[in-house]
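Shared between the two complexes below is subunit A, which has subunit B as its partner in the first and subunit C in the second.
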Partner chain A sequence: MACLVEMSNISKSFGGSKAVDGVSLKLMPGTVHALMGENGAGKSTLMKILAGVHQSDSGKIFRDGRKVGFETPREALEAGISTVFQELSLLANLTIAENMFLGREPVTAFGTIDRARMRRETRKALAALGLELNPDVLVSELSIAERQFVEIAHGIKADASVFILDEPTAALNAADVEVMNAQIRRLRDDGKAIVYISHRIDEIFGICDTMTVLKDGKLVATRPLSGMTPDSLIALMVGRELQDLFPARGTTSSETVLELEDFRIDPDSKPLSLHVNKGEIVALAGLEGQGQQQLLRSLAGLYRASTGSAFIKGKALPLPAQKPSGIRQLQARKVGFVPEDRKEEGLFLGLSIAHNIAVGLSSVHGELSIAHDYREAIAETMTSMNIRASGPSAPVGTLSGGNQQKVLLGRYLASGLDLLLIEEPTRGVDIGAKAEIYNLLRSFADAGGAILVLSRETVELIGLCDRIYVVHGKAIVAELPAETATEHQILNAALSA
Partner chain B sequence: MLPLLIAIANSVYLGLRTDQFLGSENLFNLIAQAMPLVITAIGQMFVVVVGDLDLSVGSLISFTTAILALDAPGYVTIPAVFLFAVLVGLSNGLVITRLNVHPIIATLAMQYVILGITRILRPVSGGTVPDIVIQSVGGSLFGVPMPVFWGIAVVLVAWKLLHGSRFGLHLFAIGGGVANGTPDAARNFGVPDRRNILLAYVACSCFTALAGVFLAGRIVSGDPNVGLLFELDAITAVAVGGTQLSGGIGSLQGTVIGALVLALLSNGMNLTNVSPFIQTAIKGGLLLLVVGLQTRKKMGL
Partner chain C sequence: MSAIVKHPFLQRLLRVPPAYYVFAILLITLWIARPHMLNANIMGIFIRQVAPLGVLVLAQLLVMRVKSIDLSGGGILLLVNYVISSGIFPGASMPFFIGLSLAIGTAIGLFNGWMIGKRRVSAVIVTLAVSIILVGFVQYLSSGKPPGDVPSYLNDIYNIKWGPAPVPVLFWFALTVVMALFLSKTVFGRYVTSVGENPEAAHFSGVPVERTVILAHTLAGFIAAVAALVQTASIAVGSVRVGLDLPILAVAATILGGVVFGRGEGGVWGPFFGVLSFALLFVVMTTFGIDDPGKLIAQGLIILLAAIFYGIRTSRSN
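Here is the complex of A and B:
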């Protein structure tokens, strides 16, 4: 059978790092093709190339045997390739029908938009998915699941034969996942090819026929799923030996720095308790989006629903923390919160390195106190963190990802804190910078600090940490010593919960 | 809805309190007074819908009256006015979409440029406006004063552009993306965003020039200061009319009502002898009140 799309030897670099490196992929009609890999393996980049969001540096794409190249998502859609990305692309201020036809609105003989026809065809496309939504409803009034269905309907209306679903179920509840899967099977039975990206292994086995595993931008394998087991799939995804990236573990004292008791992330989630001792690095591991992030953020007041009690060095932290004061409350207790997205939430990209570090140092003083001279402290931090830049006045936005991340961490390490809550300590940084960051975190812990960290990269947590809590369904389902833990064990603990 | 209620309450109050208000003379006068603001606010709305602002409209109005009051026949000056308006809109749009200058800066600069040229052309008010302009504003047809026809025509054209054409829908789409923090969203649907934003500025300038023509017909001369602060009144009217200043949400009827509320307010306060200084303060308070009370992210009023 002829394949609908063939991607051949695709490569794409961002800055210096290769996001996709010589990957080939064939999509057959009537199949659901799982695209697997750890975060940063290049799945999303590969699909964005196919969808016309990014352009590949080298390699060819064939559509029904013809060579094609997509400059924009619109061109890809016109060639029959429809995409539902994690970040939804519908315009919330327009109606369903307007979104469906945007850019190609039918016009009447008088030159006005043919709204009757838009309504009719929208209803038809929605009906093909078994949905009954009023085409005149604003997209902002739809649930996340409904918006995703509208995006799929958008593809159906454009007569697409290839559907790319990038974690379509990440934001859905169990009932909606069932509906979504039914829709995917329906598309498959119509002879469409579906690319399915998900981190939920059980879903992959429930719905997919073929799978391709990527790792560090390279193709690992493409196989039919029938011969695979969850274990062999995980083995393919993990693949690599634990490199010699991680510093030796330290000794932990019995002094508790952070303690959570009867803590509920949401009012109706299971209570959990955990503790972090002085000198210890503790991980929150598990599948993506299981509540690790909400747990950390609720301590900082960025996620409000939590209840329970939290103690920092024996003193109670009032919960739920309030958004305007949560971070300052932590700061007053010598706790730092290092957010995941350094560009959006962490750094001031337009300001200098010195400014970005001094923000942490001066935040402990009152607004009207006289400015201190931080030049020495900043220079010290830059040397100890090995931040490579032209000088302290270089704008942070001009640095590489690794150096940016070091500036972000430097801000907190320089402010003399006792406990760090860190999200994704090495997101989007290269391997060399990763090793340096691991060393910095370990020496912070050895100097009497404590760290609670979460990461999508389980390998990193195993190598870096002392203890691992496995989080699933907003509850802690297992506690493992990191020294003996394996990725397999952690995935198993999460999946069997 | 709040502005509409204010307008109705205001009218009822004035109708009961004063004898003049409901007189047909005052009502037609009110329409004529409100018309320049209505037209300018409608033009401004094209730009606000994509999340931008045009501050050059005030100067453009003065400039238009100055051109019309030049010593030249109407068949030269009237087309010239619109030609200049298109040029102003084009250069605003090009500077913003191609050179990536912030709209406030780009149009502020344009405001100064036009203001300077206007003062060279006509340092103090004076000159005469072509008869046809005066007739079309001051005259009447079938016993109905001309401003009524102006209003109907402008609203019809604007309705067609904003709510009855692909252009208008695309403006709302672009603005919705901008307001959501995804400025590329509309482009990803295949909407030519830069061209549409450019055309929004051109539309804004053309409506503004039309308002200038109307004003010139009313004051029967050229005046370098007649458009002063008009841009702020226009933005106020658009905001009072429920258009979200970050873009994507708004309606034509809202803008018209917003402009009428402002006009009614000043008409009413003039009739009840409120000091113009207090009027200005009340206008500011109204803007704060209306925008503060609005539940955002809802269509129209």
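Here is the complex of A and C:
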């Protein structure tokens, strides 16, 4: 049987890091092909290359045996490759029909848009999925599941034979997952090839025929799913060697710094409780987007749906925190929130290192008080953190990623805080800077600080932390001592929840 | 082109606010063409004319540094002028007028700040609407006719000189010094710089972003009222048309001075020289016998050049 799509030896780098490295993949008609791998293994990048969103640096793509190259998503769609991304690409203020024909509206003999035909064909494509939606309804009025169906219908209308579904069930409830799976089987029975990316092992085994595992951008294996067990699948996904990057763990006290009780990330999610002690680094681990970030952000007033009680050193922190004052409220309690996106949320790229650090020290004072230059504190921070720059007046935007990240951390470390809430402490920094950052965080904890940290890199959390909470489905599903934890254990805890 | 623009020396030149160049060029032109004009008394009179604009620019640069804008200055100028000249408070003392004017300006600034900082309404729309409302309100109160006279003591103060330097110019200079110190030495100044560079990062660093924007606008309203007092003292009569072009000139001088939305590289002195440049421009144009329409065109061209100048810099830094 001829394959519909063959990707051969595909590579793609972003900046210096290889996201996809020499991966080959064949998609056969009438199959559901699972694409598996940890966060950042390269699944989404590989599929975005197939969908024309990214262009590969090297490698070839064959469609029905012919070599092709897609410059835009539309070219891919015209070649019969339809994609439903995690971040939906429908325009909320247009109707279903308008979305389906966006940019390719049929015209009447008078040159006006042929709305009747748009409606008719939209209804037909939706009917192929067994859906009865009014084509004139605005997409903003649809549920997430319905929007995904509309995207699939979009592919059906374009007569696509390859459907890429990137975590189609991540935002769906159990009933909608069933409907979605029924649709996927229907497509499969029509002889289409479906690529299915999901973190839910049970779904993979329920619906897929073949699976490909990626790891660190490289192909691990492609096998039929019939010979696999959930355990052997997870074993393929993990098993990276721990690098010798991490400082020795310290001793933790029993003095609680942060405590959450009966805390619900969303009003209808399961209650959870956690605590962080003085001298401790505690991780929120698990697969991406399971609520770790919402948990952390809700303490800073950046996510408002959470309920429950939070205590910092025994004193209640009012929840939900207000957005304008959440960060300052934490600051007043000697808690720092280190955001993930250092370029947008963290740093003032056009301003000096000195300003970037001093703003944290200044902002606890009133508007009319004198702004000290904190020359010594800044010089000391730059030395102790080994920030490589021409001087404190160098604009942060001119520094390397690792040094930028150190400046960001420096702002919080210099402010004499007791607790740090950190998102992605080492995102986009090289290995040397990573080791330095781990050491800095550990010395902060050894000096009596406490840290609650989340990261997409499970290995980092295991190496850096003392204790790990595994978060899945907006609940804590396991608590493990980091010293003995393995990636396998964490993945297993998350997936078996 | 790009190779030239990348040259480090040129880069440094490009970082100097255009106001300094314009000022230098105009000064040299005057020195060559009409050296007798460069006399302290003559210059004092010309510079005194832009003192209200100079004060208003302090308000404008403050809000522009937090990525906002204030176009309500015209309305405030008119209302303050009306309150003082209409005689609705017969026999009121000078402190009463000053206090009332400042209160009006501060209240309007607070309203602007609240709408922009808290309600997230577009700054251009809010302040323009406020200005239109105030202008309409004054015209309604005065039924379109110019109100009466300004108490004479205001004009007397305006005409005092300290050596060759007119008091309004000294007052403007002193106010600029205060603003420079305020922005460089207080925590508020650090907040303003942070919000201007990146409001999101400012929020994550614990800067009260909303409050900073509200406070900047409130202060701007207060300063606009001060500018209105200087302006009223200068013209000595009531008017229903006074100062309506001042806000847009203030924006122009601020940009010329190197303060572009959120980028405060020109500091406080860049816009100061921007205003001085406008004063010199009037002198140069007048001595060359160019009328008001020509002055307007020249003004516009200079602003346009300043914008192009920034375009070169921004495209380079990206």
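Just so we're on the same page, the second predicted complex is superposed on the first by the 431 of 497 C-alpha atoms of A that agree within 3 Å, B and C clash if a C-alpha of one lies under 4 Å from a C-alpha of the other, contacts with A are read in each partner's own complex, and residues count from 1 in each chain.
In this section, contacts are C-beta pairs under 8 Å (C-beta built on N, C-alpha and C of every residue); 3 or more make two chains touch, one makes a residue touch a chain.
Bear in mind the structure is a predicted one, so any value in this text is a computation, not a measurement.
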| item | value |
| --- | --- |
| Touching partner for A:Ile113 - first (subunit B), second (subunit C), both, neither | first |
| A:Leu94 touches, of subunit B and subunit C: first, second, both or neither? | first |
| First, second, both or neither for A:Gly103, with subunit B first and subunit C second | first |
| Partner chain in contact with A:Ser198 - subunit B first, subunit C second, else both or neither | neither |
| Partner chain in contact with A:Glu367 - subunit B first, subunit C second, else both or neither | second |
| Contacts of A:Ser298 with subunit B and subunit C, given as first, second, both or neither | neither |
| Superposition-derived comparison: subunit B or subunit C, residues of subunit A touched | C |
| Those residues of subunit A which subunit B touches in one complex and subunit C touches in the other | none |
| Touching residues on subunit B, where the partner in the complex is subunit A | 160, 164-166, 169-170, 172-173, 175-177, 179-180, 182, 185-191, 248-249, 297, 299 |
| Residue numbers on subunit C that touch subunit A, as the complex places them | 185-191, 193-194, 197-198, 200-212, 215, 263 |
| Subunit B-touching residues of subunit A, taken from the complex the two chains share | 53, 72-74, 77, 87, 89-94, 98-99, 102-105, 107, 111-113, 138, 140 |
| In the complex with subunit C, residue positions of subunit A that touch it | 324-325, 327-328, 331, 337, 339, 344-351, 355, 358-360, 362-371, 411 |
